[in-house]
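Have a look at these structures, which come just after this line.
In the two complexes below, chain A is the common chain; its partner is chain B in one and chain C in the other.
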Partner chain A sequence: MANIQSPVPGTFYHRPSPEDAAFKSPGDSVAVGDTIGLVEVMKSFIEVQAEEAGTFADYAVENEAAVSAGDVLATLK
Partner chain B sequence: MTFEVIKPGLLTTIQDLGRPGYFHLGIPEGGAMDRAAMRIANMLVGNPEDAAGLEAVFMGPELKFNHDALVSVAGAEMPVFVDGEPRACWASFAVKAGQTLKFGYLKTGARIYIAIAGGIDTPPALGSRSTYPIGALGGFEGRALAAGDTVPVGKAPANAKERTLDQSLLATQPKPAELRVLPGLYWHRLTKGSQQQFFDDEWRVAPEADRMGYRFRGGHSMEFVEREQPFGAGSDPSNIVDGCYSYGSIQIPGGTEPIVLHRDAVSGGGYFTIGAVISADMDLIGQLQPNTPVRFRQVDMTEALDARHERLARLEKIRATLT
Partner chain C sequence: MSIQRLFIANRGEIAVRIVRAAQSLGIHTIQAHSEADADMLAVRMADEAVCIGPAQAAKSYLDVARVVQAANDAGADAVHPGYGFLAESPGFARAVEAAGMIFVGPSADTIERMGDKVSARQAAETAGVPVVAGSDGRIDDMEVAAKLADQIGYPVLIKASAGGGGRGIRIAQTPGDLAKLAPQARQEAQAAFGDGGIYIEKFIPQPRHIEVQIMGDGTDAIHCFERECSLQRRRQKVWEEAPAFDLPEPTREAMCASAVNLARAVGYRGAGTVEYLYDAASDEFYFIEMNTRIQVEHPVTEMVTGLDLVAMMIRVAGGEPLPVVQSDIHRKGHAIEVRLNAEDPLNKFMPFPGVVGTLDLPISDGIRVDHFLYEGYQIPPFYDSLIGKLIVHAGTREAAIDKMASALDAIQIGGLKTTIPLHKALAKSPDVRAGRVHTQWLEPWLDAGNLNSQTGGAS
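Right, the complex of A and B next:
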């Protein structure tokens, strides 16, 4: 079980764009460096990347949620 | 002396206290968003207060020092590590050649200021080392730091020694944050109801807020006193024939989201400004995270000047303990 935390405060997105599917779904395999979501702040989108490999459990916050730095965004199992 | 940027963080720029005197030519003052924190970071390492340091927003950089250095961190609350060992904020500490300065997740505030004894020694542009990225002016080649940059540092001053700030000397902030506003030139363009609403509403910092301006949302839309738009003004009721903007001035394009202009703001344009955040509260804006609840409170000129004097006296007290 590993947590993926937000590097910065902002707005968290599960998807690369409103039309696309979420970056990851429960059960997907996650490699180091895989993007699992985006945080929007200061007019830019920051990719949130996995720092360890595993299996995607789920997102821990809603799409478009306001997040703080260090908030858990998703969990791996 | 130099240090190397291993990871730049989100947006880490070289800043000092700015380059006043060119705003009329369209070049903003620039400089640290939280100038008091930049000054204190410099005091902690024995630098002149206008020495150049680093401003890092929301996320700390990772820096490897090529020489022994005395370093301080001030401003936002963010865990500090030297080769994995924790260090205190609002204090100076030694970093040995080959050691790495790193940061944990931001806890409170928005921007940390990193000072190094001797100050960052990039070439000044128009009298300042502050980075103005849009104008490719100052800082490190006119841009934010990037991985692999080697940044020059000046010679440490004779009084470089470890110091710790007594944090009880810092101002405490109310929650929600309060920004004091002096109504100004175009205040009369808002209806009486909207003038009241502006101060009654609770606003939140929008995620778009940056060094140019801090945008707020969550309050009611403002209503304007009806008029026929003057010749040369845009068609929106928030438009005027272009005028000058000041540091701290508040515009509300379309009446929906107030924007407080900050260090890297444009110097003029076609939106009217309803007033300005007082100088004493501008540093605080630099420490507001996205989604922070904020209220605006109306003050008059006397209160604004009293607040300025109080802020200067507080800084003078800190100066007395650190220098």
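Right, the complex of A and C next:
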């Protein structure tokens, strides 16, 4: 079980754009450096990347939720 | 009908600026804010404040129905949109008027007309404002393209008509280049956009960005001279001046006169800016677009003219005729504004929405800081990174740069990373001092490592 945390405060997005599917779905394999979401901070989009490999469990916060730096965004199992 | 109760549908430093201007006119101010902005400075200063929704701008500051409803419920008789958000939305201007309130800005029709590239260019041409020579629409016949390029003069820019993001753009220096590159551009446009249509226009290498401030009352219009905004990063202005440097006087006069002609031709009401590309080599200027709102960099114009543009736009929105005539408006000295953003310029301009620590802002004659900061304030991460503007005014451009350098040394904004180091390095740059800059100058200068912990000083 590993947590992926937000590097910055902002708005968290599960998807690269509103029309696209989520970066990851439960059960997907995750490699180091895979992007699992985006945080919009002051109109910039920062990619949130996995720092360890595993299997995607789920997002820990809703799409478009307001997050603080250090908040858990997703979990791996 | 003069305005009694003004609803401010914006945030940040411009909301503070509008509250101040309105209060100086004796107007009751009602400040809109999102849930994330309940503690912002403009809320503390305004006579009343109203929450208009969640942090996300799309659900608050950009929600037309919600903003109009909130203004109406608060008994506002006018709405000031500031800049950004809904400031250039014709739908918003219409909705405000449909609800029986005054929109502080031009009519919805004018916003719509100037907001569309094609109709704005047509309006400019009709008013005699020079535009960049080019094909009026797409060209499919390469012989027509070659003839037109000969008329325009080389180099020419070849662009995909369906395009965007710089794809399909080529620069042809000669007719031979055009014959070779136009088919390539067509192919690339076809592959990228499913449409091989191209258009061509005159290529202006290393243009400067000069813009003219205008103000209208719906009938008459005046100009308040020009600003130079050539220092840009990612198309965002970074450092602005008034007046433009080394601009021949006849060119300045022609630029300002053409902006007034355009404003008069569209029956402009309120504050507006006509933006031009300026080709210093040929001493020619070309219309880019008109911004139908107050701009971030309006203070440099206020410093050199002594006018209060925000108060003036509120007065004309309330139905007053222009309170000044052209012959009353004079320029004095030179002003420079730098944008203070909560970003780390030494780390790829990464946003830095922290808590404001010790705040020490230089206060003296000819220095102005427009901002929305106070000690202990948490900068919300949801909006753009502009936290303030440092503006200086001195007798000459030389003296203004010196004054800016010492103001940058004196200013302290604790707790945050800001763009102060960038401006310190710019103030030391020989190119900036000599005016050897243009819109393509700043990014290569940064890429070449000219900003570092030494040139940027301590942040």
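Throughout what follows, the second predicted complex is superposed on the first by the 77 of 77 C-alpha atoms of A that agree within 3 Å, B and C clash if a C-alpha of one lies under 4 Å from a C-alpha of the other, contacts with A are read in each partner's own complex, and residues count from 1 in each chain.
Keep this in mind: contacts are C-beta pairs under 8 Å (C-beta built on N, C-alpha and C of every residue); 3 or more make two chains touch, one makes a residue touch a chain.
What you are looking at is a predicted structure, and each value in this text was computed from that prediction instead of being measured.
K.L.:
Just from the overlay, do chain B and chain C fit on chain A, or is there a clash?
P.N.:
Because the two structures are overlaid on the shared chain, the partners are seen to clash.
K.L.:
Applying the document's definition of touching, compare chain B and chain C: which contacts more of chain A?
P.N.:
Of the two chains, more chain A residues are contacted by B.
K.L.:
Which partner does A:43 contact after superposing on A: first (chain B), second (chain C), both, neither?
P.N.:
both
K.L.:
In the overlay, answer first, second, both or neither for which of chain B and chain C A:64 touches.
P.N.:
second
K.L.:
Could you look at A:22 and tell me whether it touches chain B, chain C, both or neither (first, second, both, neither)?
P.N.:
So A:22 meets neither chain B nor chain C here.
K.L.:
Look at A:5 in the shared chain and tell me whether it touches chain B only, chain C only, both, or neither; answer first, second, both or neither.
P.N.:
first
K.L.:
Per the contact definition in the header, classify A:72: touching chain B only (first), chain C only (second), both, or neither.
P.N.:
After superposition on chain A, A:72 lies in contact with neither partner.
K.L.:
Given 149-157, 167-175 or 347-355, which one is the stretch of chain C whose C-alpha atoms run into chain B?
P.N.:
It is 347-355.
K.L.:
Overlap the chain B and chain C contact sets on chain A and report the shared residues.
P.N.:
Touching chain B in the first complex and chain C in the second, residues 8-11, 40-43, 66 of chain A appear in both lists.
K.L.:
Can you check the complex and tell me which residues of chain B touch chain A?
P.N.:
Residues 10-11, 57-59, 104-107, 110, 207-210, 289-291 of chain B touch chain A in their complex.
K.L.:
Of all residues in chain C, which touch chain A in the complex?
P.N.:
Touching chain A: residues 36, 55-56, 342-343, 350-351, 353, 381-385 of chain C.
K.L.:
Report the residues of chain A in contact with chain B in the complex, numbered from low to high.
P.N.:
Within the complex, chain A touches chain B at residues 5, 7-11, 40-43, 46, 66, 68-70.
K.L.:
Which of the residues in chain A end up touching chain C in this complex?
P.N.:
Those residues of chain A that touch chain C are 8-11, 40-44, 64, 66.
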